[in-house]
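The following pair of complexes shares a single chain, subunit A, combined with subunit B in the former and subunit C in the latter.
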Partner chain A sequence: MTETLLELKGLEVTFTTRRGTLKAVDDLSLTVKRGEILGIVGESGAGKSMTGAAIIGLIDPPGRVSNGEIWFEQQRVDKNPESMRGRQVSMVFQDPLTSLNPLRTVGDQLVETILAHMDVTKAEALQRARDGLTEVGIDPDRINAYPHAFSGGMRQRVVIALALATEPQLVIADEPTTALDVSVQAQVLDLLKKLCRERGTSVILITHDMGVIAQTSDRIAVMYAGRLAEIGETREVLTNPQHPYTQGLMASTPSVDAKSFGQELFQIPGAMPKLDALPSGCAFNPRCSQAHARCQTDRPPILADRAACWLMENAS
Partner chain B sequence: MLLIILRRLGQSFLVLFLVAFVSFMIFRYVGNPVDNLLGQEATNDRRDALIEALGLNDPLHVQYLSFVGRALQFDFGISYRTAQPVADMIIQRLPATLELALVSAIFAMFVGVVAGVYTAINRRGFIANSILSSSLIGVSLPTFLIGVLLIWVFSVELKWLPSFGRGDVVDLGFWTTGFLTVSGLKSLILPGITLGLYQMTLIMRLTRAEMLEVLRQDYIKFARARGLQDRTVYFGHALKNTLVPVITIAGLQLGSIVAFAIITETVFQWPGVGLMFINAVYFVDIPVMSAYLLLVGTLFVLINLIVDLLYLVIDPRLRDGQLKRTGG
Partner chain C sequence: MSFVVARDLSRTFNLSDPWIVRKLTMRPKRLLKAVDAVNFEIERGTTYALVGESGSGKSTIANMVVGLLAPSAGSITIDGQNLGDASMSRQEQQRLRRRIQMVFQSPYASLNPRWRVGDILSEPMRAFKLIDGATAQRKRVAQLLEQVGLSDSDASKFPHEFSGGQRQRISIARALASQPEVIICDEPTSALDVSVQAQVLNLLKSLQKEFGLTYLFITHDLAVVSTMANKIGVLNQGVLVEEQDTEDLFTTPREDYTKMLLSSAPKIDFDS
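And now, the complex of A and B:
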């Protein structure tokens, strides 16, 4: 559990537009250990999905990794992400209804993926495909069915089977349950967690759902406006958040216990700034109740290995 | 699945009956067949005898049914101009048109799809944009001008290819083909390109637009994330999904290629049914015109039927009769 599998060093993703250069991910550094599940949370546009796309090297132009380094198993991979894409790092997308090619059978897509990366015969690939389906709880005799014959939850199981078919060391799951019904969400999440734990596969779980993160991840990284706001053990961060933004997120997460009936939900005032109109200093300072003078001028680094907030300065 | 095919066949027959009806109305009511056959100076006795012989006094539906019945036996009457049976004239000339149409269609489909995929993949490339710009010429220049230009360059100036006719043909008894001789093949090139150029650019632009649309889909992104080669992603995953709309248009265009080969056949003096139709129009040769209408109508219905069946082959969702398009 201690060996570092993936390391991002000062990752920066920029989009060149007519109105100038926008930083979708700004100076992001973090590590993922072998076998660990790291949750990345944040609002829409915080740069979570961009981080995932950057690791696997699939940022759509005009976006690009403009700075920083990505290290995977002690190898620098940001220059040639193809070398590990699909083989060592795979991905699960948000919407299972659109993730599978509607005109090809699920077995066909599984076999194709296995043959593309592993040195096996067609018959072996087919057997692996059947095993993969069995593992995710789908009758292997449905291997010749087309995606439309499956429900949303089933299709996400197929997608997970696809992502794990090549025995990768890291799975990037980008909002894997957002498009599913609540009851199915838990099943799919448990399945993903179970399979990855069994194989010692690391997971980067990208979501905006704090409940999903709490149930699943070992560590958690909170992103805000393309920057890392807070990072730490899940239990630590959720029960004792240090960054005012994380505190706000926790306070605004709805709960269903007896006390919360009839209570109004907390809201963080304001909205996340647009990337072309970031405030100077800490990006969160206009919405922060505890901001002081320095927050408006100097951008805080990650302090005490925990939160990018000047309030942490005294603690460290 | 079987039900879909049967229903589709039923619709095809219905359309064919309607086409036959229009064709019949032209045959029966455009001009007066008796005048056309006997001329102005015939005696009343002879006129009455002919009217009786042609069954023109029968009720309309009887005449129509007997028209359809004869058409089913490939009997379209006698040409007013050449006094030959129309069916014989068509059989004589159809191979020339069908071979020309086949060459044009293959050219249009193959070059159109390949160029469409290429321009979609290399969206910002210089060559792709050049192809795209020059394709506007194909869309906007009229067919006869393209034909004349090609003749000027390749026949008159370079003297590489013949400017008219089919060249030497081989008679197989029921079919005369230009595919088996060098001069026959050379003769096919210029008219084939002329006839297919418009369709080619149309298919290319459609393929490009569809391909760009498909490349934005999640399953393409997922295919890339699975680490598949670009080639597999483009041709194994994207192309098949672009084909359904492309086949629709290509099918209709194939019909147009045969139906509107008239201009190309005129420019290249191609001895096909188009040229026959033009001559029939000059001489108000009604039976030939109505038979041609029936032929083209049948062809369109047939192609549409094939296109619909191809949908079922390509898209499994349609096979299961599931028409709602979930999953893009």
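And now, the complex of A and C:
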């Protein structure tokens, strides 16, 4: 049974600034099924981290969720995200150096998290903390070590143990491996994937790296300028991208197994528009080689459950 | 002889405690060998890439080649001239240094935020006394900006007015300002998005063709290297473990460490 765990309906995150109201996330609708790994890809400023922060209720003023609904397990949670934060939804941040408290042992931090969210005794919490460390491949006897005693990859393992300690149903991983070396990145991703598969935990994996997404996720959502550009099965989207932006992104990604060494990479002309100067119609139209008159005036919705592009209309 | 030659290049860092602490605690000196007897050669007009994980010593080598760090042992020769030759006069040294420039990793940290782009680009001309006169310098700045795909009106702006990719273009223009022959690129695109990375890599390539530049390319990303480099050296903990032409390295890696790096690089490949 593929049951829906999380549903975003027309989510909108806005920032009120001196230059007017900026939409960091604009009319985003998507679902995450139970046990599924959903990848959100996009470049800086695409709104992918904001989406993660909105779900868990961590958007700081002047930003706010100004429109739309977030449903978690058939309950609307956008009004009181604290009800599920930490317990049912947890987060893995990008930099393990800043997301752990340097003045407290990792055991302390694990026990604190467990006690804050679960109804267990201190001894049980300690046992859970040790089990958690074992699961992520860290010797439980290091429970009294401080974060600085661990390497970057090991620290990120501790963060994963923290995120899974309360047995959440959804883990939001925001660029979990960007600060790590490739060989360590592969280990950490495999670990995250394995643990979540074993427990049936859903994951939202936020990254800018197409390779990471390809190896880890079941479905992917491509974001551009705060909007959803394309969504679908990972394999489908990456091998047969429908949105011109996804096509450009794929073509401009250098690959290890490129058959064409030393050749020029495809490049998308221009740059992502600033949020205070979005073009009318489709946000991608000034950079799109296939744009036509309608793209400049009307904003395309997601067509054929796949891509927000008017070209989809002719195709179907 | 190749254009850039590194012979038995080594660099040790002294991480010891102060002398008095060492004597009191009876601890020996602690030395870290960041680069250990590395040899490589770069032909004129080609790109040599050094690949390795953090701590492998790749940036230390970059800093030594550009002259920001003196080697503990070994030598670097550029066009037959030894970079660390003590008998060279200051002027000779400066003339040699002009021919080697660097593009740094973070375009956010490597441009002075209080200087206008025009000043940033004309500084090398003033420092090396290449072009005299404000008008001539302005003309050259406009030319440089055009070469990297920006417009001459950008000269009066400050770095914060540009995006990451545009700032990296400014860094490249600054490196070009002294008409160098060798450019060291230390992770020039790791702070950039994929689509912007493609633009910057293509720009570096077309500039290489136009000016016959020689690149030493430092990166941890094998995918970037595959499109840029002619030859690749793989570094592990300060030691050059393998060196091959780009295509051969990707198709027939010899060392286990290289194989591990290749297999852990994320691939967009669904056939396997």
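The working rule: the second predicted complex is superposed on the first by the 314 of 316 C-alpha atoms of A that agree within 3 Å, B and C clash if a C-alpha of one lies under 4 Å from a C-alpha of the other, contacts with A are read in each partner's own complex, and residues count from 1 in each chain.
Going forward, contacts are C-beta pairs under 8 Å (C-beta built on N, C-alpha and C of every residue); 3 or more make two chains touch, one makes a residue touch a chain.
Predicted model, so just to flag it, every value in this text is computed and none were measured.
If you put the two complexes together on subunit A, you find that subunit B and subunit C both fit without a clash.
Shared-chain residue A:100: touches subunit B; no touch with subunit C. When both complexes are overlaid on chain A, the residue A:118 reaches neither subunit B nor subunit C. In the superposition on chain A, A:266 contacts subunit C only, with no contact to subunit B. Once the two complexes are overlaid on the shared chain, A:311 sits clear of subunit B and of subunit C alike. After overlaying the two complexes on the shared chain, residue contacts for A:148 are found with subunit B alone; subunit C is out of touch. Contacts of A:43 after superposition on the shared chain: subunit C is touched, whereas subunit B is not. The gap separating subunit B from subunit C at its narrowest, counted between C-alpha atoms of the superposed chains, is 7 angstrom. Subunit A residues in contact with subunit B (one complex) as well as with subunit C (other complex) do not exist. Considering their complex, residues 217-219, 221-229, 232, 236-237, 240-241, 314-317, 320, 322, 326-328 of subunit B touch subunit A. Every residue of subunit A that touches subunit B in the complex is listed here, in rising order: 56, 58, 82, 85-87, 90-91, 93, 95, 97-105, 112-113, 116-117, 146-149, 159, 162-163, 166. The touching residues of subunit A, when paired with subunit C in their complex, are 43-44, 181-183, 185-186, 208-212, 214-215, 235, 238-239, 248-250, 252-258, 261-268, 271-272.
Interface residues of subunit C, counted against subunit A in their complex, comprise 53-54, 163-166, 193-199, 201-202, 205, 220-224, 226-230, 246-247, 250, 260-270.
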